[in-house]
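Chains: A, B, C and D, in written order; residue numbering restarts at 1 for each.
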Amino acid sequence: MFYREVGEFKTSYPQDSESFGIGLDKYGYYFVLFIAFVIIPLMINDYWASAVLVPFLVWAIASLGLNILTGYCGQISLGTGGFMAVGAYSCYKLMTSFPDLNIIFCIILSGLITAGVGILFGIPSLRIKGFYLAVATLASQFFLVWLFNRVPWFYNYSASGQISTPERSVFGILVTGPNVQPWAQYMICLLFAFGLAWGCRNLTRGSLGRKWRATRDMDIAAEIIGVNLLQAKLSAFAISSFYIGIAGALFFSVYLGAVDATEAFGINQSFLVLFMIIIGGLGSILGSFIGAAFMVLFPVLLKNILVGWWEWDAALATHLEFISVGFLIIVFLIFEPHGLAQLWRLLKQKLRLWPYPH
Amino acid sequence: MQTLLFALEVSLNGFMTGILYALVALGFVLIFKASGVFNYAQGVMVLFAALTLVGLQQGIVPFQHLINNLLGTSIHGFGWNMPTFLALLLTLLTMLLLAWLVEKLILKHLVNQNPVILFMATIGLAYFLEGFGDLMWGADLKKLDIGIPMGISDTVEQTTYDWFGYGFFIDRLDITASIVAALLVIGLTIFSQFSKTGRALRAVADDHQAALSVGISLRRIWVIVWSIAGLVALIAGIFWGSKSGVQFSLSLVALKALPVLMLGGLTSIPGAIVGGLLIGVGEKLFDFMVGPMIGGATENWFAYVVALVFLLFRPQGLFGEKIIERV
Amino acid sequence: MKVRKLAISLATIISLVAPPALADLVIPWLSYRTGPYSPSGIPAADGFADYFTLLNERDGGIGGELVKIIECETGYNTQKGVECYEATKGEGSLVYAPLSTGITYQLIPKVAVDQIPMHTMGYGRTSAKNGAIFEWIFNFPGNYWDGASIAINHILDENGGEISGKKIALVYHNSAYGKEPIKTLEKLSEKYGYELTLIPVDHPGLEQKSQWLEIRRGRMDYVLMWGWGVMNSVAIQEAANIRFPMENFIGIWWSGSENDVLPAGERAHNYKALALHGVGTDYPLYDDLKTYVYDKGLAAGDGSSIGSVLYNRAVYNSALLAEAIKTAQEMHGVSDITPVMMRDGLENLSVTEEVMTSWGLPGFAPPFEVSCENHGGDGLAMVQQWDAEAQEWNIITGLISSDKEVIDPLIMEDSTQYAAENNITPRC
Amino acid sequence: MGQTETTNKNDILMDIVNVTLRFGGVKALSDVSFNIQRGEIRAIIGPNGAGKSSMLNVINGFYTPQEGEIWFEGKLRPRLKPHQIAYQRIARTFQNIALFEGMTVLDNMMTGRMIYMKSGLLSQLAWWGKAEREETENRLIVEKIIDFLEIPAIRKTPVGMLPYGLQKRVELGRALAAEPMLLLLDEPMAGMNNEEKEDMCRFILDVNEELGTTIALIEHDMGVVMDLADRVVVIDHGEKIADGQPDEVRNDQNVIDAYLGVSH
């Protein structure tokens, strides 16, 4: 009854294409931002930062990236783990080679390097389609991880092949290394996540986004309309990899602090991100966040209930986690193939019409 | 000369390994060909089949962990060992039941959906089965032994020694696997050529709409192909499980089958076999010739890179149907 | 919106879950009963839990304080390891034992900041032996570099001290863990003149045919293995397949459990592995475990893993930690110790034959002492061999020591580099 | 150049000269020549499988003929990719609707204006400057077309949810959004009921008359073709068998034999 367009008059086209058209939406959005930027940093502790919020934000960025490629441009990729590794190792090399370079630039540059690698591995997408492409992207996954494991230059010849992050600060506030404050760790990820989500929203509603979606929905028609498929696909690969590279850089430098290529960037990470966008919703920015939240929070929640409350043993809880994640994926697909974000939209649609049924 | 013999030995072994890859790949192809579903869960089905086989054979009480936890009991095993044959039979029945349940509970509700959605559903299924298998039979390592001979074949070594002055290494398990794979392919071919159901399968693979319009039930077809894929998974599970013991990592054999699929084409059974052989021989030879120069352990990515390069020239794979674009 | 609701419910749950158990001695155990390494993680988790259950049941804890084990499942996954660490560190956790090299590397900087000691028994970062730089990390009684050297010394013993020209291959898990011994083995090959061939195997290692063909072709005299998980059992199978003489195949102590040899059946007969401690259940401790734990139905597992190598290793690990707690209690004169006191306990730990007898484990492992400079013990180990017929491991050598001349400079080099990178001034 | 010699060069928008198209050994088009004059409605007809759609695909560059030349606006067209041809302002609709199903009507039509959108990546990323300006300018034009096609109520509906007839209309709108010089319509009335057909006819005539767009269309409904088209070219078995005014063609013996006689 309260949530609807009635009484909201758009007097210009720019107003009509605003992201949050309905007043209540806009206030809700400001409210979430307020919580995220003001309330949480005041309340956060080590556990919430390292175990929940930082991984959530990092995965959300990676999901945004994969969503650009898969959700918007329709190219399924299973190379996310490999591209995250590129981001992480670029970030490490930049941080250690140029100790004076601000960490923010290191992270952004890592994204750009990953974008370059992404373009390289995106070239086959011009000829290979569908599942063949999905499997082909696994080549990048395995090759990149092997490369970082194999070439000692990438890990500065350390004995174990691990890379670990040196301490770096932004405006005098430590953001990496073991001594970092939880709120600082959280804030830097939040800033990147917010900026990138905002950029993603702009890109996907503009002409580039339409190019991607047209390619996804019907590539031949898109080409005849004037979409250069080469450019559309490669730009999707590049920008998606840019996002994923930044996620990888944050994953390494801010979140974990030390990584080993095989363990941290294995094939299961690629699948994890794919699950996030499926569950959250393909081609939806909100979906990327919901999906990441779901995949990060759900296991923690389940573990806390089963192990913490009911005192089941931890292994059982993990088996049940697998079973229920699998079950939920199937249930979602059957009842709502467009993910949690679509459920949210449908709910809003209902609200808009409430209390009238139709 | 010596190097050549080594290379030959490596190729032969690659050939044998390729057959094992092809066994896993076959399961994917069967389902894709008949229903257009890319079944990501095939690898987990391999694990699940092997787990069930060992569990039954060793008389493990299903869900003992869960039962003990909920009821505070401590039951562990039935205390008997089931004869291998019976265990095999019961496992096969379990796989058939699984196929039926998959159709009933998942596929039925996703008819006419985008292939990507179906693919994702199978990812969900993979997750589910992974947890379910562990919950049912326990996550510890189990030894699988149904009496398949293993180890170097003396006959081959002796013969080759007589011929070349260098004895070749061939694993007897691999020889058995090749024979079984050959029988399986022959069996499948006979089935699809000469049985009524087989013809229906081919009809569906050729043209869904047309097949439906002449009264072939798509849902029955799905149950059948998933059952056959379950059988193939069981066979692959037996061979891979005998090599490494049965545990979680067994499901990762799927990753070795994917490049085989790309190379052979998703819709072609001969493609899966030839692709498997090419990848098997190729990756072993590459690791043998080039590996030492670039530090080894190339097998994980070599197959994928070869498949990728190959697809650039032939996007539909070796034997896949040619893609014609129309407007 | 949804996120917030979830977060709120989560917060309630967490606050309800964790009543601070201040009176207990809390030891978290980052277990992995699931995932690709679960066959190894399960017996270890059982052994750890059973030993502390025994102490609680029999002695009423340590120094009058009950021990509370918090088992947190990681699935051998680094991120979950971090989550477990963050979730448990606030509960008065005394010491961490992650049983994973990957998680260890994550936690090394974190525990130093949080001032909680970490004990990585026979795994983790080797150069953490240098206690002057790694104040909070302990890796006694032995490390990977010791292991590499001990394996070579064993081969030396068998060959009357002359192995120059012998061909030795290292089959290793292509990860941080597997790469550990390379440097040591290279240095030792300079010293003894053997030929070293490096053969990496990528995770998971289900398919190793080309590696073993290479070993067969190269007619290797000895094969050393740094493997983990399914890679071990496949390697032993393949070694048997090419009829490699099993007595010349030596695994590190993480490649020497029942799980690794059983799938190969009798063909694994005579396979060797290094041993940090004794094998089997032929110790007085097991009588107590039976009386106080198993018979009371308090055992953590289904009983199948009791006395297995990894179970024993976890028992040994927990005995060491319990001893360190005792030491700390005596040093500080309080029973309810803090993590900082626990660190002192670990650093002043002295494990003698009498101490081990008091555990009910006489002659179980080498005696050693920990000091400020040396957090790694003496690096002594034995060699165990698999008897496939009896399905048991036998210790076949006495204690073998490692080549300190070679290893100590390597440890110094690596740890000083770490100190330089992280601005650490050496203590002691 | 056969029959086209007599017409005034300036009036010819597109001249198709001796085009031959082969798929493997099969000839889809053999030695076809005809032209399209500025401002006319040109129909291409023929029995099923005659090569009409292939002809359209050649015109907009989706197929490249093995032989022959295509002159557009008095210039010989080099070999171009389909998306480059779109920039010459040739737009089309498809026999089986090829809309972007996941997008709204508005987005579909905005995609039609792809060739006019030139803002850079950074500008788009920030939604500022050229990108935003461009978006608004193009939106104005699209809104005019939406009004013209009488579909303002559905502008924010995903096209997948629309009925067939409306989808056809939206597809026409998407092609119009490109402000084409030459509009190609592949069976615009296929599968429609009479009412819808009438609407579509009206839109096609309006487009032609009000906007002055040159139209080439393929259509099966002979009645519609005779009413709409200024000139008709008939193709059978990949060969041109007649070309001229609707009346002439209707009475052409070849056409009656090949088309009306054989096929219907």
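What we mean here is this: a contact is a pair of C-beta atoms (placed from the backbone, for glycine too) under 8 Å apart; a residue touches a chain by one contact, two chains touch by 3 or more.
These numbers come from a predicted model, not from an experiment.
If you compare A-D with A-C, the chain pair joined by more contacting C-beta pairs is A-C. Relative to the centroid of every protein C-alpha atom shown, the closest chain centre, again from C-alpha atoms, is found for A.
If you average the CA atoms of chain A and of chain D, the two centres end up 41 Å from each other. Chain B and chain D have Cα centroids lying 50 Å from one another.
The distance from the centre of chain C to the centre of chain D, with each centre set as the mean of the Cα atoms, comes to 73 Å. In this assembly, the C-alpha centroid of chain A lies 36 Å from the C-alpha centroid of chain C. Residues of chain A in contact with two or more other chains: 146, 220-221, 224, 313, 315, 318-319, 322. Of all residues in chain B, those that touch two or more other chains are 134, 139, 295, 297, 300, 327. Among the residues of chain C, those touching two or more other chains are numbered 33-35, 38, 42, 174, 202. Only residues 12-14, 17, 199, 202-203, 205-208, 210-211, 213-214, 216-218, 220-229, 235, 283 of chain A touch chain D when the two sit together in their complex.
Contacts from chain B toward chain A in the complex involve residues 38, 65-66, 69, 105-106, 109-110, 113-117, 119-121, 123-132, 134-135, 139, 255, 258-259, 261-262, 266, 294-295, 297-298, 300-301, 304-305, 307-308, 311-312, 315-317, 323, 325, 327.
Contact residues of chain B toward chain C in the complex are 6, 9-10, 13-14, 17, 64, 68, 74, 76, 134, 139-141, 143-145, 150-152, 169, 171, 240, 243-245, 247-250, 252-253, 256, 283-284, 287-288, 291, 295-297, 299-300.
By the touch criterion given at the top, residues 60, 62, 81-83, 86-87, 91-92, 94, 98-103, 107, 110-112, 114-115, 117, 119, 121, 124-127, 131-132, 134-136, 139-140, 143, 174, 178 of chain D touch chain A in their complex. Taken together, the chain C residues at the contact with chain B in this complex read 33-36, 38-39, 42, 174, 198-202, 204, 206-207, 209-211, 213-214, 216-217, 229-230, 233-234, 237, 240-243, 259, 262-263, 265, 267, 297, 302-305.
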